[in-house]
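Next come two complexes, and both contain chain A; in the first it sits with chain B, in the second with chain C.
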Partner chain A sequence: MTATQGFQEAKISTAPTRQKPRREGFSLLQFALLLLFCVYSLLPLWWVITTMTKDNSQLYSTFGLWFSSPSHFVDNLRTLFTRDDGIFVRWLINSIIYAGASAVGSMLFAAMGGYAFSKFNFRGRDSLFNAILATIMVPSTALALPIFLLMQNIGLINTYWAVILPGLVNPFGLYLMRLFWDAGFPTELMDAARVDGASESKIFWQLGLPLVSGGLVTVALFSFVGAWNNFFLPLVVVNKDTLFPLTLGLSVWNQTSVSSGQDPIYTVIVLGALISILPLIIAFLSLGRYWQGGLASGAVKG
Partner chain B sequence: MRNRATPWFFLTPFLLAFTAFFITPVGYALYLSLFIKKRSGFGPAKNVFGGLTNYVRAFQDSDFLHSLLNILLFLVIQVPLMLLVATTLALILDSVKNGFAQRFFRTAFYLPYTVPGVIAGLLWGYLYSKNLSPLNQITGLKTDFLSSGILLFSIGNIVTWTWTGYNMITLYAALQNVPPDIYEAARIDGASNWNVTRYVKLPLLRPALTLTGIFSVIGTMQIFSEPFVLRPLGYVPDNITPNTYLYLAVARDGNFGYGAALAIVMALFTFILSGFFLRNVRGEA
Partner chain C sequence: MKKTALKSAALLLSLALAASTAHAADPAFPKAPSGPVTLEVWSWVPGLDKTVAAFTKQYPNIKIKILNLGGGPATYTKLQTAIKAGSGAPDVAQVEYGFLPAFADTGGLADLSKYGAGDYKKYFVPWTWGQVSPDGQAVYAIPQDTGPFAMVYRDDLLKKYNIAVPKTWADYAKAAATVKTKSGGSVKFGNFYSTFAPWFMALAWADGGQFFQRQGDGWTQTLNNASAKKVLNYWNDLIKKGQVGTLAGFSADYWNAAGAGKLATNMEAAWGPGGYAGSLGTKSAGMWRAAPLPQWTAGSSVKSGNWGGSSNVVTTQSKNPEAATLFALWLNLSSSAVTADWNNGGLFPASDAGLALPALAVTSKNPSKFFGGQNISSVYAQASRGVNVNFQWAPWFPFVNDNFSKQIDKMLKGQFTPNQALDAWQAESLAYAKQNGFTVK
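And now, the complex of A and B:
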């Protein structure tokens, strides 16, 4: 185990200077490991950036990890946004609709539900909570298949609703919100507000929610990412290309490029892939402290 | 006095959505799984009640069992390896004192997680291509990463690339939440770096490891997008994972009853594996 070696090495190296021990050992080996994994994580993304500047034949003829020409980048960009009557823009908007609705909806539902579990004692509370949490283990396929048939029965197949509605349920979000309510909104504050005559809905909306805003952002972010990345559900419930999210659209483009063999647009797809992940990168870079907080609170109690 | 109905008022939206898109589909799947397609004479196949026939068929379906075996291989090799690397990186990163370096590595490790599984599959599909893989360009070899011998490892690599950083951040966040005086106390008692790691940090990581482990088990059971987008590029068998097998089987012959039974077997499998995992992790303490 490399970590073990690293830490043992660090121990030996600090041994002679017992008087003034370094707080934590940090060896060259550890730094090398960080660097190595950094390269592994970033290299495919670097390849994406260099590939944007190539046309399809250069994909094979030039070195994969270096740039080609800015003019090809412009060509790729033009093809991406104009091909099939600019359907890529439609996919982008669809992804934003699906992920946005899931983020707002599941955040609200989880906030309200988590509040009930955190602040009220009612019969069957704990068993209900555990039952909901256990459903995290149900594979999405087990749901998508019957959801397809149910949607078909009520005529929602090939509509936005078919993707949006199932995305409103986020049991893990409910679990996180309960933790945030436990920690962020003291029961004494609630009782004091009741004594002052505040209504239950005022206590929730005006007094409570602002105190758990960190949790709201966390749950919204997780739901957004989950819906943005979702592939299986849209694959099953929509087959009109005007309703595709980015994930489904790009994979269909790729499939036709491979199978038809003529006029493949791989470098355009790669550019599309990069554009499809940009919103998530921006969200994570700007809201980083929320997801880390969310992961930490989930992990501490988990 | 508070009203007894108040908590139920707050629970209603979630429970309604949960019932409609969780309980109902699961119940419907259970119901569907009891029906088999039967053909009599020349007419179209009819759905008739078949009891547990579909389940018996699932456990005799060698293609399906093979896909479960692939998943077991993932659980034995890919998941432990990924969590080992994630834990190692989290421990190292926790001891980096330079704020900029820490932020830089954290972000770099995390970036792959922002790539949706399908997109990751697409990108690696190109990187695996015999004719344009940079790895082949550098080494001068013509490795086919999608040939049957190493296909499973190639898919494992995509999953590892996407999820190691995510797991690392969870573990790292748990380490950062530890009050510094615990380390201080250990130091005063004369504990070495290695001892602090082994006897203080690792036990503190247990809940986070349990969480990442459970989510890895659940996620592994559901691998679909990566092999699915690799299919046009090379020879990827239909039953590479249970999910691809189920989807392709239903898409091909529309046998929803059998598909539902497979989905339920998978759900039970996930429950058993997660329970097994939980018991072993918790029991060790």
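And now, the complex of A and C:
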């Protein structure tokens, strides 16, 4: 938001006397460039959509960017939801559970942690905060083996918890929430509430949280997308196909098609992939407003 | 009433038939454990759960839990993680031959000779045992499926250009030149998979080429061996003359060319024809045939190499290694399992008796049906018996595999001669192996 406003101001101030034709020419070029980029970005998605209407041999023999037959779409849909006793639905539900729990949980923990760092002064606060920041740099792949051992030792391997618990930790979310608390919830307001006799939990839950809702949505979205797309963690900690999320399940189907070469179901997998990104698209479209505003308001103070 | 009686009689008969075919040719397997045992099995064989139902019927004490991860890098990462962690690995896992040394090197694989696996060597095609027991002592796995090499070709195109099926590489080169002239270059006679090292290695393997050799604690690596040089120079020549293409395997371009009659032959493993039937569907159906791999010397017995295939390992973490060994042997030697794996997943057997199973010879079903009803399994069975026994892989093979494409790319761009490409492949892989602590010459 801020960036766009700034851009508009700059444009107006540098070219206050420019007449309409010139400005239209400029926006036409801008429009063409954006359109080009838009087509470029959406082309793979378009391919995914046209591929849904093909069977496997048409995948290679027909024009990639146009539809083939609605009956194949129905066939693909049926195969997708009935193959291996309809396990795709189970994977879909699992993904929703993993990503949902991760989004809600990490949002809450990040909000609480960020609140503590923002509003309370305690010994070692800065070094602790820096230590948390440093963990952002640790790639999740490097954590797979330790997480695997940890889950194995506490007996949670091969359960929902093995995927959910690591997903609750989101150091970047905590960092972001601290910025939001710093910017969105003035300490003076907190002090005033205390003077009025509000309890600490009331200050946090009822007074504070609504003021940083943009941050909450941002963190939740980040965690949701991260958990939704996570492949490596479930691969390592889960040993039953009924616990697979969509990423792992579809990848197994794909690999089976590649490895065995028999009865390949690539077009069904493509359809499954499209269905698997629908929740992300819905999440972004419905929450994107908060998300944008949230990022910007954090950025100003940060 | 009569109908029911007839039906049950038929049912009995078919049951008896099933029972007799299931046990007729099977060797005597090791003793089953006395108490109840659960085995965890990681495998990407399609329909394995159904195959295993017959096992649990025969061995009610042993329960099998299957995890299918589809194969490929992710499957190996998971297995590697569990082995490194020291817990969480399955009892039995499917591993491709080329990756066996890498896993054996981690110390995570049980030596099955301790559980009597050595007694079953005689039931397998000799080269497959060479893959799982390179030194002839320790046995790291039980061979499962194989990919011996043969040539697939378009019968219609060869007839159209009036060419006999080439029996030698000299014939093949001549035919390639003829097809280029007669088709004006629109039809390629063959295809060089420039990104598949194991494909290329199989061709050198057929000529007796050796790429790795274990010697005590050290290794010898010879990626630029004489056979490799011969094979690569031969193909590079055909490529430069425009008689042979370099389409990427399993790509849309490749299937388009193959389906549209723009490609006359290719060298494919035993599991390849199933992929042709699956990916081409009705396009060019019935026009393909299979023939033995062209030979370097006329009139010699058919020699071949292998691409792909896999084995079943037992991990050192297994609490029931005897039962796990029994399962791995049963899965790859019982005629019911080998038949089911062929029918469900197109797994070309590693066992001697498996190659002669009636199911392989069925020509009314794919892949033979797609190949004009020719019994292509017999072509591939002959190929398997002609695969050189002494062929080893090395733990750093994954790097060698990736590095191949890089060097061949330079060769195709004209920056390297074939010999230079192989020398660079050898040098860079050697440097990598040394960096990773292997004693290699």
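The rule is simple: the second predicted complex is superposed on the first by the 260 of 302 C-alpha atoms of A that agree within 3 Å, B and C clash if a C-alpha of one lies under 4 Å from a C-alpha of the other, contacts with A are read in each partner's own complex, and residues count from 1 in each chain.
The rule is simple: a residue touches a chain if its C-beta (ideal position, glycine included) is under 8 Å from a C-beta of that chain, and two chains touch if they have at least 3 such contacts.
Just so it is clear, the structure is predicted and the values come from calculations on it, not from any experiment.
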Contact-wise, after the overlay, does A:59 reach chain B, chain C, both or neither (first, second, both, neither)? both
For A:242, is the partner it touches chain B (first), chain C (second), both, or none of the two (neither)? neither
Which of the two partners, first being chain B and second being chain C, lies in contact with A:259: first, second, both, or neither? both
Applying the touch criterion given at the start, work out whether A:269 contacts chain B, chain C, both or neither, answering first, second, both or neither. first
Chain A contact check, chain B vs chain C, more residues touched by chain B
Scan A:157 for contacts with chain B and chain C and give back first, second, both or neither. second
Based on the superposed arrangement, let me know which partner A:187 touches: chain B (first), chain C (second), both, or neither? neither
Looking at the overlay, what does A:145 touch: chain B (first), chain C (second), both, or neither? both
Could you look at A:251 and tell me whether it touches chain B, chain C, both or neither (first, second, both, neither)? both
Under the contact rule defined above, give the chain A residues that sit at the interface with chain B and also at the interface with chain C. 59-60, 64, 145, 149, 231-232, 235-236, 251, 254-255, 258-259
Using the touch definition up top, name the residues of chain B that touch chain A in the complex. 2-4, 6-11, 13-15, 17-18, 20-22, 24-26, 28-29, 32, 84-85, 87-89, 91-97, 105, 107-112, 114-119, 121-127, 131-134, 137, 161, 164-165, 169-171, 173-174, 176-177, 183, 187, 192-194, 197, 207-208, 210-212, 214, 218, 221-222, 224-225, 228-229, 232-233, 243, 246-247, 250, 256, 259-260, 263-264, 266-267, 270-271, 274
Interface residues, chain A side, partner chain B - complex: 1-4, 6-8, 10-11, 14, 21, 23-26, 30, 33-34, 37-38, 40-42, 44-45, 47-48, 51, 59-60, 63-65, 105, 108-110, 112-113, 115-117, 119-120, 122, 125, 132, 134-143, 145-147, 149-150, 165-166, 168-169, 171, 174, 194, 200, 204, 225, 228-229, 231-232, 235-236, 247-248, 250-251, 254-255, 258-259, 266, 269-270, 273, 276-277, 280-281, 284-285, 288, 291-293, 295-296, 298-302
Show which residues of chain C lie in contact with chain A when the two form their complex. 40, 44-46, 67-72, 74-75, 77-78, 81-82, 84-85, 87-88, 250, 252, 255-256, 259, 271-272, 274-275, 278-283, 344-346
Per the touch rule above, chain A residues touching chain C in the complex are 55-61, 64, 144-145, 148-149, 152, 157, 231-232, 235-236, 239-241, 251-256, 258-264
